[in-house]
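Here chain A shows up in two complexes: once beside chain B, once beside chain C.
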Partner chain A sequence: MDKLTIIYVDDQREVLSTISKDLQVFEKYVALEECESAHEALALLDDIEGEGDHVAVIISDHIMPGKNGVEFLAEVDTDVRFPQTKKMLLTGQATHQDTIRAINTAGIENYIEKPWDAENLVDSVKILLTKYIFSVGIDYQSYSPILHQPTLLNYLSKQV
Partner chain B sequence: MKNPIQDLKSETLKNIKSKYFSDNEKQFSLKKDEYLIRQNEVNNRLFIVLEGAVAGYLLSESGIQNEVFRSAKDMFVGVHSFFSDAHLVYANVVALEDCKIAYIEYADLQSVPDSSYRNDFLPLIVNELSVRQRFSKDIMIEKEEALKKLYHSEKLSTLGQMAAGLAHELNNAIGVLNGNSEWIAREVQKYLKITESNEVFIDFENGFNGGQTASSQSIREGKKNIEKKFKLSGSVAKRFSKLGYSDDKIKEFSKLSNLDEISVKKQQVWELGVGLHDMIIASTHAVHVLKSIKQLSASDQERYKLNINNTINEALTLLKNAIREVKVDVQLGELPEILANNGELIQIWVNIIKNGCESMLNSNTENPTLEVKTKSSAKRITIEISDNGPGISDELKMKIFQPNFTTKKGGLSFGLGLGLSIVQRLIDSYNGKIKVDSKKGNTKFTIQIPV
Partner chain C sequence: MRLVKILVSVAVSILILLIPTESFGITGLTIVEKRVIALFVLAALFWVLEPIPIYATSVLIIVIELIMLSNKGFILFRNDVGNPGFGTLLNYKSIFSTFASPIIMLFTGGFFLAMAATKYRLDLNLARIIIKPFGDKPKFVMLGLMLITAILSMFMSNTATTAMMLAILTPVLALYDQNDKGRVALALSVPVAANIGGIGTPIGTPPNAIALKYLTGSEALSFGEWMSFGVPFVVILLAFAWGLLSFLYPATTPKVTLNIKGKFIKNQKAYIVYATFAITILLWLTDFLHGMNSYIVAMIPVAVFSITGIINKEDLKKISWDVLWLVSGGIALGLAMEKSGLAKNLISSIPFENFSPLLIIGGAALLTLVMANFMSHTASANLLMPILAALGTSVASLAGYGGLSSLIIVAALAASMGMSLPISTPPNALAHGTGAVNTSEMAKVGVIIGAVGLLLSFLTIYVLNLVNFIK
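After this line comes the complex of A and B, so read on.
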């Protein structure tokens, strides 16, 4: 079974541990990694890639010391090692301009505003995970409890 | 309003005065507040003010007297009614101080030749018109400026009221959250103590008292070590790493067969503690922010004994978000208490700190750093706030304390960016001093407040 990772980045530890709790349903199937800065996340990306594992989804805050979320995601977006990685912005403070840049240059697939709703976050991650699995062509069956069923059906019907 | 000055050529004036206004019979004195002429009455006289000053008022529809012109020494009154066909007075003219007035009658003009009219009265009339026009223009500008100021302060006070209203509403909500999280924490504590083993209780206590102290990176490293050392699965190793267990403790556990289950349970209890810990921290922070907002918008200007260091900490709390990307170095010395208003001082620091941070961030300063220092001597307290931003040019240095000066293109940011003119005014009210030293890479505001 391929090893998938979901990474979330936020400079506030309390936020990270809240996200961890929200994403507990994924724990059995994929690795969950917390990072406190874009810098740390980039180093972790190198590690994961080095081990030959998949970075399926990255969730990032925007306003952080050092590199901000949009800059970080844009960097990942242009990195040839992670062409299929799905990116999500989870923030309460991005301006209109930031958002435009996020879509145009960072290729984000989803944007969730803080404060977020756990169910909504889980659903969005499920959708992105499903998209990732199908875009890289991993066998979806061992992951099916944590996949987004309508998205999954959509992919399957296209395959037929 | 300043009194206007007669700008007829002195020779012309002298000539007119001696020719037409030198008759002692046609001179009188007017006491302060007495009327010279009244609106809508017939006037056949042209007056000149020899001493003192008078003002013309128009009664508006709402019953307010509006000053429309003012005549001081050597200026004429009654020009309009005197020369017009109907001889009707359009404004009430009242003495602003004790005056000496001279006049001529309309009938006197009959004997004046046409050339005198052209040489003496025409310049007089034209001049009087232009002086009055200028006067009304000045009044208009003054009113426009007063309106602008009023509008500005109205906008600010509306923002203040909004902030206060918002703070009040949120306060109740957060008060409930704050109180209940503390209560739940105590209840869970009691419950665990009775129903669970001491070890479970300790896991909860660790989480609750400390929160999650380890960084995500150190947890990841710890997890790798534990994985290798004890040959445990990744998920179990991660749990132990998070819990911060010592090697001895992990060794003990690693012998157990149902390790996965046990580590999950341990982590859950610990996380319950961390969660409650975070809730209390978060709600305390929210309460603190709200308190600061309320103080900022509070209209009371009462001064009481306080420590300036506390107001600096409150300002930094209030700006927590705005300064997130900035390294803040705070060195607060021991200060004596002074009589001051909390809100006013916070406003001073917020303005200066926010300006500094914005200039650093807007110019993409590398390693943006803010330094705040306080110290005191026998006579005064000194506060220094410096940043390593691009600096303020000499040209701008002169202007930054002027009202309505800004380099920012955007609008007013939430009730706080009131500008350095307010800072200056507030510091003045404490008999304090503010100065700025700035060069590229170092801008320092020094504030001194007498003890």
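After this line comes the complex of A and C, so read on.
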């Protein structure tokens, strides 16, 4: 089975542990990785890619010491090694300008505002994960319980 | 776990290769035939245990045949050519040609039609107009839903049809009262109708096409001939399934509305799609007038859609090569069993003549149904059809009951009726995934429809015999 990873980046430890708790449903099927900075996340991306594993979803905060979230995601977006990786911004402090840049240059597919609703986060991650699995062509059946049903049906109805 | 499955399967087949041919109890078993037995066992174990994707098993079959059973294979495997007891190797060209055998091309044609229909929303628009007259009573909405699902799955894959119809149904299921049993009925009606509907045409589902492969010469069936019993079978079983679902899971909600958005696309390309669809089906049904068989007609939409750019090179990549290769592997397995002489040899070493012909037909149908419930319908057909084909041609007592045709048709119908578990078919898995139906509800409905369908298939061949349709 292909190994999929979901990475989340936030400079606050308590935020990371809340996300971990919210994303528990995914634990059995994909690897969950916490990072405290964009720098750490980039190094981790390097490692995962080097192992030949998949970075399926990245969830990032925006305001962080060092590289900020939008800069980090923009860097991933232009990296040829991660063309299909789905990106989400999870932040409370992004300005209007940041948001525009996030969509235009960082290619984010989802934006969730802090404080967030756990169910909403799980649903959004399911959508991104389903999109990733189909865009890469991994066998979806072994991941059924953590896929977003409507998104799954949509993809399958277009297959011959 | 996966590795264990692989190791056990490979070990069993290597063991078979190592046993001397004399100890099989089959007189005149050759080395080549023994290799085919080992290959068959490997394929069966891989298809049942699924340590690798089912289409990969098919590819493996073809490659093993090329290396171990062909006249251009690995040199050490053909050292003893010509020795008594070695047997005859297969021509490598005939193994390769399983990739493009007529039934594969028939399916390719079907894929082109389905792709074009989906791309130009013909499927959705047909669904919208067919469902309209059924009103908003849950019971009748379900009937309309089953009807359109069955019709579409005659020409599109059962999985894609189910996915599309469930996508339409999902918002309705979400609004439904969680305790209303009608929810279960609606969610189950789609996969049930898709599985049943696939029986209607030779391209509805791969087991039908595989069946056609084994009906040759005087037994050959045209597209229209298949539909002449397939469609009535679908209509009757669908009506029964509707009654069953309405009875077991009656709805208490007074009204449901399915909202299917869109309108028929009106541009030149769309008109070409509509016309090609209609003409292809017409040509399939009128082979007795123009003389082109269904395989040749299937190439017409391929040409039309390629020339007009309706199917472009991006669309080409979406063809389900896995389905085509899955079937190719089955044909290759059948080829090896037939050409090596194993199939005949095997059948003659078991005293089938002593069994009642009805028992043979009934047993074949039941075995297919049970297998299709636990593994892929196509893989079940791939494994059983070559054996049944040999059985049908060599057991004389079957002749009075339709012989080869009866056996093959019954098995093809039974293969489509394996639908009692979420793992039985992808459509079932999708319905189970909606959360509206649990495994025991699915099993109850699936087992009843399977049993009734089996009886109906016996009735079908009885009638076909009566009217001298099959001999």
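As a working rule, the second predicted complex is superposed on the first by the 160 of 160 C-alpha atoms of A that agree within 3 Å, B and C clash if a C-alpha of one lies under 4 Å from a C-alpha of the other, contacts with A are read in each partner's own complex, and residues count from 1 in each chain.
The criterion applied here is as follows: a residue touches a chain if its C-beta (ideal position, glycine included) is under 8 Å from a C-beta of that chain, and two chains touch if they have at least 3 such contacts.
The structure presented is a predicted model; accordingly, all values stated were derived computationally and were not measured.
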item: Room on chain A for both chain B and chain C (clash or fit); value: fit
item: Greater chain A contact set [chain C / chain B]; value: B
item: First (chain B), second (chain C), both or neither touched by A:D11; value: first
item: Chain B versus chain C as contact partner of A:P65, first or second or both or neither; value: first
item: Partner chain in contact with A:I127 - chain B first, chain C second, else both or neither; value: neither
item: Which of chain B and chain C A:C35 touches, first, second, both or neither; value: first
item: Which of chain B and chain C A:D139 touches, first, second, both or neither; value: second
item: Minimum C-alpha separation between chain B and chain C after superposing on chain A, in Å; value: 15
item: Intersection of the chain A residues that touch chain B with those that touch chain C; value: none
item: Complex interface listing, chain C residues touching chain A; value: 53, 111, 114-115, 118, 156-157, 159-164, 166-167, 170, 318-320, 429-430, 433-435
item: Chain B residues touching chain A - in the complex, by the definition given at the top; value: 211-212, 215-217, 219-220, 234-235, 271, 274-275, 278, 281-282, 321, 324-325, 327
item: Residues of chain A that touch chain C when the two form their complex; value: 139, 141, 144, 147, 149-150, 152-160
item: For the chain A and chain B complex, residues of the former touching the latter; value: 11, 13-14, 16-18, 21, 27, 31, 33-36, 40, 44, 63-66, 68, 93
